[in-house]
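Below: one structure, written as structure tokens.
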């Protein structure tokens, strides 16, 4: 019909044109033969203070038009290594009921997982990682490299056990996450309960506070991260509030004093060679991000995760 | 101790000083002898699209420092007529469960009502008006003058019957709102279901579309409003999305083409002499209101409602 | 695969989900059997002061998620009357060359026109209406109802004859626009050249200044508009700078003192029954619209145009 | 040297270029032969709540680049009628001392006045109009058409009698302003002191509340304004808070429910033929105006004032 | 009355609820038995360029709701160590007169000091530290750890000796500050007068430029800081413009190239064990901080100061 | 006339006053005897994605009022060393034609160069550096220290060879830039074409990726920079997207993970002693910089460049 169909190599078009899919990848509903699915999860029903992450996928897609194909630092071109598409949103039909909503999200990822496709997702609040794990880790627990200001291993809060401060406690309890193969990087901020993250340490997770991070440097931390997760199947979860709020103001629970985007990029790049089975970027809350800064950072981090995941997926093909 | 205790005539202080109570009224926890309670309801669990109204009370309080004591247009000084205080927030301890949360809000207003105090409230989303009615209208149904772009008499949506598009259907069903004594002003915007507001007309509410509003003018509409609600007990509910979005951009469901703040002020002022038993301003969503415009408008409208309610309360003393 | 494919009735989904097509219509590349094509034109190469309208289609799509199916004021449901889809962007491959770019845009609309589909478009700056006319009016000139602060019938400026202040002079010169069947509404703002819009009057266009507009009222103006364009084929072109800047701050050439969105809606609705062959909304410039206000207005106006155009297209089927 | 010296017809250049003088007029320090001086007064030492008007002149200059030469509504080209230049700022060397600062401002306007030049100024807060009067009205009192939400005839406040809520009381007391020839239009907003504007009425000023304004319409109000000021020498003072805050959010004391920019433009245009000896636009506070809306409105109003003043000045030449 | 009185453990409530006191501490007017008073000083009469810090206390209170009770890095829970309350604002009744205003502020702190309470304050501009010293250091001079881009030891400017660039020169001259026990960290930015900070060096203060800071690292700088202030009574003064403007854009005199919030946090934490008698965070100017970033940083720094001060106060009990 | 003419030592005035020239230097049109010309280049016709840099000079001028005379870190006072003035804008009369526009810019710099004046410029997009080179390097090629996220040595794109991603390829091809004496610092971001910057390496430029930059530190990089450019004539070109986007959000092609403003300042300062013949700051795009952050950074960097260039120019006098 015309010589530039919408979803055929959209990455070569001027970046302000067209429907904003993740990374300007083609949009597909048929997962057949797809190696990696880019998924949006517009859900923030687990937030305890400032909501808005439900709008995250749309704005991350929007800003991801600034991405291109090849990672200049590592040389990885994920689109050469894998078949990759934007498969749309894992949206929920009953957003008012937290447990039901998590079930709906799980169903979506179940479908992705069963087709043999590895998900790289954009949240949504951090409660969504639990249903992702329920879908992709039910056969064996995953290890995890977790970037965040908070351990997210809290207990019930405000009457719920599934809020965005608790997913990894639940994931361990349900046998989906191997705490011995989990490292949490960037932890900081004042606490109300001195034992709020006690579950992390009791269960054997490696918790790297921001103070330790800056004392050791990202290289040492990531060397340890590689040791912690080892050769087993591993997931990357990146909460943008791990970054300093200047890089990610648009988030629900900002904590000043975090790491930089350069450090984040270097850390993710240093995960090359691991057995990666998925990843996510969560807690981008556009209503608190009028300039789009946080969504651009979210897209950039999602691209870095996509690069290392695609190399890992390709190595298993 | 010092000559300017915080809550003693704070309205005479420079407006950028002090804790921002509603209208710079004293803060009180003891309702004894209070005629009118200014209440915040930081809850947006009933929102179907853009959340954020949970932050409404705080920002309305903040901007309400720009208010002063006497209504220049009507001469009413509510603080001379009634004992008025900010009594804090009807906050919910279990925000993740919609029906439970509405119960908590009802309990708070029950307490206010039982002490003989009339509430003038700031939301929160429009779902909060239902528990207010459950507290203050359980003895006899109220009439209502309702400013809004939406009738809010919809049915179940996304699995819930208590969302912010349905409170007045529920209130009629529960015998709390008299549809024959209800007028809804400013209705507009595209619909997905042609019958979405059918309940309003079937139950006998008077629905004034924005087109009719501009054809007739606010004077004629309000003359009819007075006729509709008559001499019976009446409530004022003001959803800021009734205003054109330029006056109230910070709201969950903006619909272009609404009325102006001047018209809103004149309409509320024309309710003098009615038997008023409360009022609210809802759907101010600060995350979508970076300049504070909407919160200032919310505070200004709340002041107008306070003026006519105080005169009515004083007349019954 | 799953029970909610992306483009199957997306208007029933929560509005913050999914790829933002215009009005949440399905995305289609095959025009076969399509009655109306919603088209984005991300081009602002004709702007003389503040660029940015190239980002207009994306943000109008984004905000158009707030639209629904049925026009509450007129009862029109365009989706029942016509087959309507988002067909993507008429993007240009050589944005640095103004005349070539206009040719590329013309080619796109040529394709739309040849398939028998009527375009309703979102710009882009106002220079894009010229290539639309070249595609759809080459057989016979169109009449036009034109909302704008400027007549856009200027002459060469800064070395170009195809900038955004001149399209309608060119369209008349090329026999694409019938000046006798053209009305321009909302004209205002200071001038550098007293004769800058002389072409409008010399060629027989009806020019309605904002002062006349407010003296006569929108009803009288639209009665005349209907008389001017008569029974012949007609186009609607809506430059958002016709509105007052408070409704449309995000535009390249704001002029204070314009009409309101309510008036705009009423004016477009009063075009029912005309022989409409397309329409556009132009000059939404997102970089000057941080709050999204202008894009929401643009989407709302585009919906109004879609309603009257769809009724006209359906009447000719 | 080159063919486009900075200050030679800058109004014909692209509007984003060059040093932003008022209206892109030439900058001049020598007042010799100048008919009208455009003056900035970057002073906000009289503000009682939100400061920031000190940045007003710079941003009004910036946005005034959007102005052009000829008033399309009235046909007036002030630059043909008069010699007009930007003469820079009446800045104060001792901003920390209010009375001294007002003296410094007076000295500047003294200089302008003595050279036979008529000032059209941009504030600054409203306290600056007093020293302007002291300079230009010392020989005989002026009448005034005053647009504002506040009468600004208050008494001492927070220990000062020269704050921005009192200049016109002082001007009357000092014999500079003739209250019988003064009309104040747009008055509204809640009051702390019922008698705060009593001086206006006691002294014989005509006070037009916003309610009366909308009851009568701008034509009737301006007919009366012309009668009030009559044939005597007259000044125009325009506080942007007379406008509704949607048109002028960036101001120190916003009051919802004001008039529109279209109405403001029409009102000023209807002052043609009066004996005008100056005018000002005050209370544009850029820190509260991130989008530049208010500064653009300020520049547009200043242009309207310039048009009617220039016609009056030309008629006296 | 109800089970959650406003000021009883407000730190456990959802953070968007209630009146925003500093750190969600109880509000108290009675200082009896209070160890530490959190004080707001809404005064910016000493500012030489961009005012707005008068709004600082309110927005710092607002953002401080994101704080919690325990410092995760140091384990300090100030609320266990000391009795702490928000005691309101040291507001001034005569803001137009700089010296009188400073006297009013002094009086307030006099009252705090006489009750044996240690103040931790939020400004306001930096001129307010002088009256704090006059109240709390009149018996013996204090040492100071001073974070800032400017030494603030300038001389008269624009006719005043009490502006925000001079407080520490005055404090030394009045015998309130011991220059030999003072260290100033983060100094940078272009100068107009090469000797503007000469007083610092002449009087024996230790001035650490940002260049030296980054050459030595924060650990070395703080080791020296501890040596400089020694065992004597010490005060912490933190001007947010010491931080890089990306962390604190909302301030009156930003200077690019400052330190990070992480470094600031580490530096304050390293002051544990000193004899601390108060501290302040100044120059947060909300009108230049639309996103609230700077106020959140201000609250976070205030929390760090509170932690080390509370430990010191507790050690002296 | 008065005692403070506009352009006589404006750097001593309050910073919010007066016409905003670069650094508050005098404005001059006569280049006679001028050592350094500060030039604005309001042109963004070479931008491939987000335009807006045409507004850069005006906002950089505006924010440069915050600069002062003496560089505190190096002690350089450029105004003592050289005669420096703002000479206005190299604006183009035919912005719609890219090659013609570049010719117009070249003509302006030709004039500057012929008068023996060294230009320090503010863009504009990076395409403007090519015509600067054509004017000032036509006699012998220059070396260059180039700060940027992109090498800008790409080839034709979207039909043009003169866009903002290619100037330095053209400059080498035209013999204006010596690639062996060129170093590019901060290079990063994803690529579409693995060979897009191949020209840099093939031609012998030294390319320092951001990863290498952070591995080596700025001191080592700048030591090498000095070695690369050596004793020959050298130019400094600073694209603000070399900085991390938190320091420069307002730019056309942001790439996360860049260097800091402190590092940038230190790098430029370390160029003292080179033979410098000009410099520029480009790609400040105010429409994407609502807070002015990027313009302030642009002004600060321009001041640093001015300092080292002025010292070099003075050394050659």
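A, B, C, D, E and F are the chain letters, set down in written order, and residue numbers restart from 1 in every chain.
The rule is simple: a contact is a pair of C-beta atoms (placed from the backbone, for glycine too) under 8 Å apart; a residue touches a chain by one contact, two chains touch by 3 or more.
Just so it is clear, the model here is predicted, and its values are computed rather than measured.
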item: Labels of chains that are neighbours to chain B and to chain F; value: A, C, D, E
item: Averaged-CA centre spacing for the pair chain E and chain C, given as whole angstrom; value: 55
item: Interchain centroid distance [CA atoms averaged], chain D/chain F, Å; value: 40
item: Whole-Å gap separating chain A and chain F, where each centre is the average of the chain's CA atoms; value: 38
item: Numbers and ranges of chain B residues touching at least 2 other chains; value: 14, 16, 48, 50, 54-55, 93, 95, 158, 246, 288, 290-291
item: Pairs of chains satisfying the touch condition; value: A-B, A-C, A-E, A-F, B-C, B-D, B-E, C-D, C-F, D-E, D-F, E-F
item: Chain B to chain D touching residues, read off their complex; value: 11-12, 14-16, 66-73, 75, 77, 246-247, 260-262, 265-266, 290-291, 293, 296-297, 300, 303
item: In the complex with chain B, residue positions of chain A that touch it; value: 44-46, 48, 50-52, 54-55, 93-98, 100, 158-160, 163, 287-288, 290
item: Residue numbers on chain B that touch chain E, as the complex places them; value: 1-2, 4-6, 13-14, 16-21, 27, 29-31, 40, 42, 54-55, 57-58, 61-62, 86, 88-89, 91-93, 95, 108, 111, 290-291
item: Chain F residues touching chain A - in the complex, by the definition given at the top; value: 48-50, 158, 187-194, 209-211, 214, 244-246, 249, 253-254, 256-258, 288, 290
